[in-house]
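Chain lettering (A, B, C and D) follows the sequence in which the chains are written, and residue indices restart at 1 in each chain.
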Amino acid sequence: MSPACSYTTQEMMVSACSRLIRNNECVFIGVGIPLLAGVVASKIHAPDSVIVYEAGGIGAVSRRLPWSISDNATTDNALVATELWRALGDVQRGYIDLAVVGGAQIDRFGNLNTTVIFGPDGTYQRPASRLPGSGGSNDLASSAGRTLIVMKLEKRKFVKKLDYLTSPGYLGGRGERERAGLRGGGPEAVITDKGIFRFDPETGEMYLDELFPGVTAEEVKSLVDWDLKVAPSPKTVAPPTEKEIRVMRMVDPLGVVLGSKSKQEVQPFEEYFRTMKSCYESMVILI
Amino acid sequence: MSPACSYTTQEMMVSACSRLIRNNECVFIGVGIPLLAGVVASKIHAPDSVIVYEAGGIGAVSRRLPWSISDNATTDNALVATELWRALGDVQRGYIDLAVVGGAQIDRFGNLNTTVIFGPDGTYQRPASRLPGSGGSNDLASSAGRTLIVMKLEKRKFVKKLDYLTSPGYLGGRGERERAGLRGGGPEAVITDKGIFRFDPETGEMYLDELFPGVTAEEVKSLVDWDLKVAPSPKTVAPPTEKEIRVMRMVDPLGVVLGSKSKQEVQPFEEYFRTMKSCYESMVILI
Amino acid sequence: MNKVTTLPEAVRELVRDGDTVSFGGILSREPVACTYELIRQNKKDLTVIVDSRDETVEHLLGAGLVKKLESAYVWVGVIGSGLHFRRAVEKGIPRRVEVEDYSNLAIGMRFLAGALGVPYMPLRSMMGSDIPEYNPRIKITEDPYGGEKVALVPAANPDVAFIHVQRADKMGNCQIWGMLGNDINIARAARKVVVTCEEIVPTSEIRKIPNMTQIPFYCVDAVVELPFGAHPLGVAGCYWIDTPFRKEWLAASQTHEGFRAWLEEWVLSWETHEEYLRKLGPDRLAGLRKMELDNFRIPKIVGC
Amino acid sequence: MNKVTTLPEAVRELVRDGDTVSFGGILSREPVACTYELIRQNKKDLTVIVDSRDETVEHLLGAGLVKKLESAYVWVGVIGSGLHFRRAVEKGIPRRVEVEDYSNLAIGMRFLAGALGVPYMPLRSMMGSDIPEYNPRIKITEDPYGGEKVALVPAANPDVAFIHVQRADKMGNCQIWGMLGNDINIARAARKVVVTCEEIVPTSEIRKIPNMTQIPFYCVDAVVELPFGAHPLGVAGCYWIDTPFRKEWLAASQTHEGFRAWLEEWVLSWETHEEYLRKLGPDRLAGLRKMELDNFRIPKIVGC
């Protein structure tokens, strides 16, 4: 497990997230870093974990990195191809061990907002900034065995009070999920680009538990909008291994998740065709 | 359409029932005479009707007469093979034009009992005679566009008061279905071995509308436990045609519906094998 | 994730006296061999939740293993009546059985609620009938949106479900051909699931057509390869109904003693399903298979 | 029962201004060509009920055809944000849109209720969150069985649903490969259903594998053969996502005027889907097809 000599912050997040996925788990996964983390875990330490995608693909072995929770690759060589309400119904029934989701705003109890930022005079019907909405995030946060949250650490994202609570963490504190009627276990960790946060077993409040190499607790505290608690002596997260880095770059040569290509840049079709082809070819090695 | 020279009462019932199935209808069908009537209709005057079976088979073109609403033949060469709750859910949603069912007891409003006959000291938990229960009958009677009921005419079956109302006809009279929250149209006709009954559009009460050849209204009235109304001049049901008889005997050579073989008689396996084989061979001609 | 085991082992490990059990299939593809094993192991005081049934429930009733029956229909197909059902309810032979009637859709909705992890499901059946009059667990309510009447039924979450399918892999991914009954919801609703299958296939076969995997591995606790596991009922693409066999046990079942003797001969006198098949004999099994394959075959799936 | 027609005809006949509409697929297999036709025919004041969407809803929002949006998620996949969604909600450009948020499972349950003909469905999501706070149609209630809290959502029964599938016959029996989204329930819930398909196949092909017929003919009102009907999104076993195309319309959509110009070029300047495909060019279409077939093919079904 030799550490990689050079890696980006995104790669570090993918690695840290992937390591929290255990073998033999059913993992329900969202787009972006969660998705790449799931694929990396399944290629390295969790070969018998099974990835479940929201639109109905379960256990795909694809030669392409899925770009969404529903693209064709989510059912290539899959174990099951079923319906969206079935997949999320199975979460509600308790079949899913772990869900990995993202968010736009988070509060100290791990509650997430992906719906609206009101701004100074905004309302729900006319906010300053409209976000996509829950998608399946609320359903996963409500009912999955436990959840991992992946977000960049920024002061405007780690807020005292959410504009809108889209997906439940521990609501107002431990015990409140149960009182609200929720059956899922709630958030286990928040993986950021500076470190990993966990939740106090008594209060449900988020605290800094592990730091990325070279990051200090003070730096992290300055990026959080409330008085963040810190574990007595935060461990340092081990950097990505060479193998992890190799796998993720092989799987995402277009930089869809790793961000090596600009999102806006319009590629000529022929170039797109060639890149995808080389992508399949490298994925074949991994299958 | 030459009439058949000789036919049994069962064959007359199958013929009379089959003629009430219209072309292009989706017909949800129960075991026994309903089933054979559906197959006969589809081979003669209603080639574009589609038979839906409760366990999920839709539009089968089988070389065997299905013996139940769920045997293998209900999905041979079918258009759709799906789930029981889906098929009955589609009835509830209003996709099924016609349902054909049987019953053990019926009252003047077309309500059916297939659950219990209490007997002198009987209770629901310990009746004199326990019947199979609703199966899908209540669901069809509640929600199908209209229903046909097939029953032998006997005084102990056409009763003043049901022991137990399993499947709704017009309940206590026209308008009561709607008040109870039911959306299906209710019974259209009762096909017996003596004639056909229909329902008064105002009151919902059953009346004798058509007689089988050689049967009198008086005879019918004597077999009904209430003061049966009779249409001003009951028509006579045309006897089965030769073609109808030929089709039904071809389709049911074992007499499963037509009753030519005793139900109890145990056949040696080799004979069963041979009869089934000849059955398939004759069905092939019809497909 | 290898869940392959034997039927005696699966029943021993997963079923307890007093459990609530359900069965997949419906008049065909019923896990009849599983009920034989429940009888062999004398699993008692069962609550049984089923839609429409013949062999599976009739045998359990006749063997006196059922305490309560929540069902829509129990009868023996087109060839007879529900002899054991009648004897148990009408006369308490061999034991009293509490009954609770539903319609088929109502039982389907109970399993759907159970599969989704919600406490109940609304439907538009049974209103105006006597079914809710005798079954207090069916509630006629006003819907809070339009004020319409709807019936509610409670979720069914059996302790153990038995499902018989054409093929499964060793993880428990199941592919079913032909009618699907309520199997998909039953498997999800149950706390533990025993899958018996005509054939265990490699997972690579499953992956050729994932749209046909109706039951995912994560619902399944035990996988047993059990060819002719639904005999004397049929399995689409595998074998046709053994009507002479059914008429024989029905004839024997005219009296409770007759059924006990039949049970002794066909169920209790051996330990394994293989012995049952040997007694039926290879010619009969081949005949049943041929009768089906002359009419219907599971399509061959050629992947890319 | 021949329901084959053209897309312009189907939209003209079946859709009215003010209708409630829904779309099948989800991020792939969305009926994008149908939204182009809705825009061409300027069908106005639509209420749109969808789970998670990109192209279909973004285009309708950008064209100003949507009055109200009941959804769980609107954004443009991994490549951008929901530009039109944001502009409509934040600024009322090109028109004000009323929003009503749900979770994906909640939308799924709304379609399931609609498909079953019941007025509502219970679920365990959204409780404790702000979703019901801003959406009075979500009711948090006590279940009448165990007294547990459950959320209720109202049935969705859109006037018209558009579903894009791999293959259908002329009666409207649809077979879908890959992820199924909520299509099966949407087709049953809607009052009228327009099916567009990559290929119309003979009914005999459908009968080879009836277990793959997810949508029965009786739900369907119009069948249109429309290859590449989901472009620039993908269809499993048919073609991969056209990312460069998507980035182009997203780039154009940075301003409302830019999107109008893009619409003019790609949607309004012709009458038929065939012209759109001609403008894309055969090489590009062949490339998209090859990118998919190198990875996944619809299995070949060999009947008996």
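Convention: a contact is a pair of C-beta atoms (placed from the backbone, for glycine too) under 8 Å apart; a residue touches a chain by one contact, two chains touch by 3 or more.
Since the structure is predicted, the reported quantities are computational estimates derived from the model, not experimental observations.
A centroid comparison over C-alpha atoms places B as the chain most distant from subunit A. Computed centre separation for the pair subunit A/subunit B is 57 angstrom, with centres defined by C-alpha atoms. Per-chain CA centroids place subunit B at a distance of 26 Å from subunit C. Between subunit A and subunit C, the centres computed from C-alpha atoms are 41 Å apart.
Shared interface positions of subunit C, defined as residues touching 2 or more other chains, are 116-118, 123-124, 148, 150, 177-178, 180, 211, 296. With touch defined as above, residues shared between interfaces to two or more other chains in subunit A number as follows: 57, 75, 77, 81-82, 89, 92, 143, 183. Taken as a graph of touching chains, this assembly has some other topology, since it is neither a line, a ring, a star nor fully connected. Each chain pair that touches appears in this list: A-C, A-D, B-C, B-D, C-D.
Subunit A contributes residues 24, 26, 48, 50, 57-59, 61, 75, 77-82, 89-90, 92-95, 143, 183 to its touches with subunit C in the complex. Listed in rising order, the residues of subunit C touching subunit D in the complex are 116-124, 137, 139, 141, 143-146, 148, 150, 152, 154-155, 176-178, 180, 208-209, 211-212, 293, 296-297, 299-304.
Residue ranges of subunit D in contact with subunit A, taken from their complex: 25-28, 51-52, 71-75, 77-82, 85-86, 89-90, 92, 98-99, 101-106, 108-109, 111-112, 123-131, 134, 140, 148-150, 177-185, 234-237, 240-245, 247-248, 250-251, 284, 287, 290-292, 294-296.
Those residues of subunit C that touch subunit A in the shared complex are 1, 115-118, 171, 173, 188-189, 203, 206-207, 210-211, 213-214, 216-219. Subunit A makes touch with subunit D in their complex at residues 31-32, 53-57, 62-64, 67-77, 81-85, 88-89, 91-92, 115, 124-130, 132-139, 142-143, 162, 164-168, 171, 176-177, 180-183, 256-257, 263-270, 272-273, 276-277, 280.
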